[in-house]
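Right after this note come the structures.
Next, two complexes with subunit A in common: one pairs it with subunit B, the other with subunit C.
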Partner chain A sequence: MTLAAAPRQQQARPSFGTARLLLVWGLPLALLALAIVLGIALGPVNLAPARVIDGLLNRGEPLDHTIVWDLRLPRVLLAVLVGASLGVSGALLQGVTRNPLADPHVLGLTAGGGFAASLALRLYSDFPHELMAPVAFAGSLLGAALVYLLSWRGGVSPVRLALSGVAVASLLTACTTMVLVTSNFTTQAALAWLAGGLFGRGWVDLRVMWPYAVAGLGAAMLLTRGMNILALGDEAAQSLGLGVERTRLFAVAVAALLAGAAVSVAGMVAFVGLLIPHVARGLNGDDHRGLVPLSAILGATLVVYADLFARMVQRPVEIPLGIVTAVIGAPFLLYLVRSKA
Partner chain B sequence: MKMRTWLIAALVTAVFVAAACGGDSEKSSTATAPAKATAAATGTAAAKATTYPLTVTDMLGRSVTIAKQPAAVAALSPTTVEYVYAVGGTSKTRSASVKVPAEATSAKDIGPSYQPNFELIAAEKPDLIIADSVLQPQLKQNLEGLNVPVVYAGAQTFADVLKGLELVGNVLNQPANATKQISSLQAKLADLKTKAAATKPKVLAVNGAPEDFYAAKPESYVGDLIQLLGGDNVAKGQPDVGRFPGYTKLSLETILTSSPDVVLAITAGPPGGKTITAALSENPAWANVPAVKNKRVTEISLELYLQAPGPRAGEALDQLAKLLYPIGASPSQ
Partner chain C sequence: MRLEARKLTAGYGGDFCITDADVVIEERRVTGIIGPNGAGKSTLLRALARVIKPQRGVVLLDGEVLHQLPGRLVAKKLAFLGQPLEGVPDLTIEELAYRGRFPHQTMLRRDAAADREAVDWAIGAMNLESMRGRPLKQLSHGEMRRAWTALALAQQPDILLLDEPTAFLDMAHQFELLDLLSKLTDHGVTVVVSMHDLWLTAIYCQRVIAMSGGRIVAAGPTDEVLTVELIREVFGVEVALQPHPSVAGRHIALPVSRRREAAPAEPVPNPATRPSPH
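Up next is the complex of A and B:
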């Protein structure tokens, strides 16, 4: 949703030539597939392609299986889910607020999840992995609920939603920083959490996180028609028989679910939720039926490449994923802004 | 309308109460750490010759079984690498900052100890992983996932160093070497204690950057060594503040009124940058502190007192004793 986007919404969709179809869907899917292959094939330990395949199929050395199957594969799959979740969460929020700057972080959702997760780690240094996703999700919902209540005045206006989101995000981020600064984590561990990353994540985390992510992505697909109508403006949507408040609430809740799922495994990963919907819109236009799945694919692609970069560029030291996405994301967003002007 | 205001108030309150609870839990979490360490001590006591399969209780209180004598050991932090070499073993891996002993620098660099690279650890095909119980407890699940026995050892106090040496000596079948190291450390401490003067100096030990430093309490490693040598720590009894357990933040006023006789500083920063020591000596506010007046403000080794607590505790005690008391040929600087 660009600033002037709403009225353009339900124009006749452009005819789907094969070339266009290839560009919009084929290219991102191919890039994602390549990202996944590279993510599994590359690591600080150099493995020949044959050994990677043997490792995947568990028919070579046990060591290759450990490296490829237990260390690389779950991490790549997590990157896919984190990226897809953040991309779709951003697309929903930008649609609901009709604000191109909305994203799960700006609106207090990742901030709520991050706060809950850091608090849990702070209170119980041995906090079980499998409870992390529910806790981060609860935090995201708490953030979303705060934002929603603060912006409710006989209904939620997109502008109030965005403004109270920014306020709640700052408050919760301040609380998170306080928890981390006063806690007994070593400096680097705390900073790593704030900057986001998939260090040390594996099957355990994937097993916990995927139901939330998949449920959220599915729910987002169900919402796309409502989102398209909502984009026409509140009055028009109401006259078309859409439950405006209900749709908005549902969309924010799904966005919170997705943001919570992402935060629970990856901490604060910047810019994906903000940037990806813009790229998807550039390729596909404003129709949420295409925008939502495309945001998922592009978000996944970005995070898989970013995580690969994070673990390879300075090996054996990992740089935080959130820094990589910010470094890629910020200039790209500026480019998009300027090319539209 | 009213209802909604209450709801918002309740949510905001919940956030702050939760944050405040965080503050309270600090004490309880640090209080349990020594208890665990004590349990480990009794568990591993008095092992003479090692027979395998061996079951030990490590310094996180975990029970670990080692099937046969380890042939490829992967130690993951400065402290654990030094334990391994101190008892006569070798490690296939080391964390990035390890410089001592010199032989260890040829081991595989697996990255920083707070984020070691699991692929590189696995690639060394270790049959025993020795992880750091102070720096790496959060990596337990990841390391156990490598299907190699994981023993945790670490050092937060001098007593921990003795325990760590005994434990590592035991699992590597080098109990004699460990015993030798332990008794030499104990003898060193006893000797320095007899040389300590009757008047206890008031000591402030800090760690950080010139603009932002934290004071070591007796619960920290350097604080423990100071305490053992009879130093009177001015940060004693303060709550934990900051990211290092056992450290607190003292206000400048508190420091000035406590008038320390000795200030020890660990500056963690780029080499060649300004040290805490230099900053203090230049700051007019500090001019009347006894330590500054008598030029007893000293920079101490980051490695020896913060980064790599462990078998070099003897060296660390020696240097400290000379800074606290007029011992031997080189009195306090």
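Up next is the complex of A and C:
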């Protein structure tokens, strides 16, 4: 075999090959598949795989069908979408700001959702659970628009975007706290929502949320070529013919859409958007064509496991999902930072 | 492909960095833009490259107004390379060069054979074949410069605009890069570079645009522009022009002193008491 006949990509990265493909894509996909199976099988009633399948197909006991189909499956699917959305949102934001610390929470894309939700609970103490998602979604998008407009000065620079995002996030978080401490009613509901979780979520929420998440994930895939060019720097991107401001606006909008969709059903789930792109980059490198789908897979995997943990660790009480992701995420991020240096 | 500017005024924010610049870039030549810091060299290059918009005047590419043409279309004819990024992307030389194919691709359509051919040519033209798979993070300054230039060449531009391509390079790498850039004119590429070094300008550039205070002071064939008077006016230094020992018809400028305000025929001081020549 002559070297010249080998495909170029193999020359480009000597480590590229079947083993690498299996590690980068096979392992995360296998972990996600396992997570989904465990998420459906485990709970107050543990189901053997055969009963899970019977329950899905509605040919075993009616109770199994209720547990699998009505309770666990929608929740696991929601966890998949929430994780994928947050992971991709973070990957887009880290690319747009060229800042490894960017994520939807840090950049204020979700703080608006938190504020809107707590304000709704403050004004109507019996605010219906089903309406929480649209309210939080709208709040997130408004917050994100505010961040974008505040960083506009004849264009949006990555640094201004990051700084005004941090400012808006702090301000809106302070407003949320203000609303909570000045309210007479029990703040339990709002606090639980702010800590994040999928408790009590089902098909209703999934039906509302999935179009936004799927549209956002699809749009993110369309953005990957432009993001690769943007990563070369504004001037280089411009001289390659990329509409730099347009790409940046589109990327922030998609990131906000994804973050808003995630926040609307799961509240504030910390660290996923920050951590997952780093893991994906470690496996795949900087190329967004791989980075974005891998962030979706890894984000989904993390949130399904975290939600499973949140349900199982202190039965029958659930602990907030956002606390689980933070407890997993923070040390892992520190490990990544230290192992790089 | 003809690039020219008429009454071009451009800058950042409200400040004009260049005023009323008239420029015609001669095709298939290496044109050097010289001038002291702040003269407007980079701004002129960026306006010619469609990176910044003119506040007044126009840039014409083959008679069409450059800033009204679509970015992708311009990027197939004209490539610009500014100062490099601070962070280095996690890419190999070849992956970087492939990104230069962006203007030639669309979401649905790309010509893999043409892409490969252009990338191979760009990498070859920058003498990087033996290290095409090497990550950028492992490259020296000189190799990094050539890798980014390969990105611009993969666009298959007719005109290549480079902002101080030899900055931060040691002397051997300056010569190496300029040798490679000079050879591009044989392939029909027009090269425009901003330069700091008058010696290298004299050797490598066929034409020179001299700038000072945002205005174009002189433009033309190198030997006509680089005169003792012009260098005194633009850079504020006295030089002696000497015939280049090996390049026929070229002169190099030897710095003698700062500009003398009084009469020029001053007696040369005793060499023993003279400060070191810089």
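Of note:
As a working rule, the second predicted complex is superposed on the first by the 296 of 341 C-alpha atoms of A that agree within 3 Å, B and C clash if a C-alpha of one lies under 4 Å from a C-alpha of the other, contacts with A are read in each partner's own complex, and residues count from 1 in each chain.
Operating definition for what follows: a contact is a pair of C-beta atoms (placed from the backbone, for glycine too) under 8 Å apart; a residue touches a chain by one contact, two chains touch by 3 or more.
These numbers come from a predicted model, not from an experiment.
In the superposition on chain A, A:Leu232 makes contact with subunit C only, not with subunit B. Of the two partner chains, subunit C is the only one that A:Leu222 touches; subunit B does not reach it. Of the two partner chains placed by the overlay, only subunit C lies in contact with A:Leu242; subunit B stays clear of it.
Once the two structures are overlaid, the count of subunit A residues touched is higher for B than for its counterpart among subunit B and subunit C.
In the overlay built on the shared chain, the residue A:Asp286 is in contact with subunit C alone; subunit B does not reach it.
Of the two partner chains, subunit C is the only one that A:Arg98 touches; subunit B does not reach it. Residue contacts after overlaying the shared chain place A:Leu142 against subunit B, while subunit C stays out of touching range.
Of all the residues in subunit A, the ones that touch subunit B in their complex are 43-45, 63, 66-67, 70-72, 115, 119, 122-123, 125-126, 129, 142, 145-146, 149-150, 152, 171-172, 175, 178-179, 181-190, 192, 199-200, 202, 204, 315-318. For subunit A in complex with subunit C, the touching residues are 8, 11-14, 98, 222, 225, 228-229, 231-233, 235-236, 238-243, 281, 285-287. Interface of subunit C with subunit A (complex): residues 46, 49-51, 70-76, 78-82, 85, 87, 89-92, 94-96, 99-100, 102-103, 105, 107, 116, 132-133, 148, 151-152, 155. Interface residues of subunit B, counted against subunit A in their complex, comprise 4, 7-8, 11-12, 14-16, 18-19, 21-23, 25-26, 29-30, 96, 109-112, 114-120, 122-123, 125, 135, 137-139, 141-142, 145-147, 240-245.
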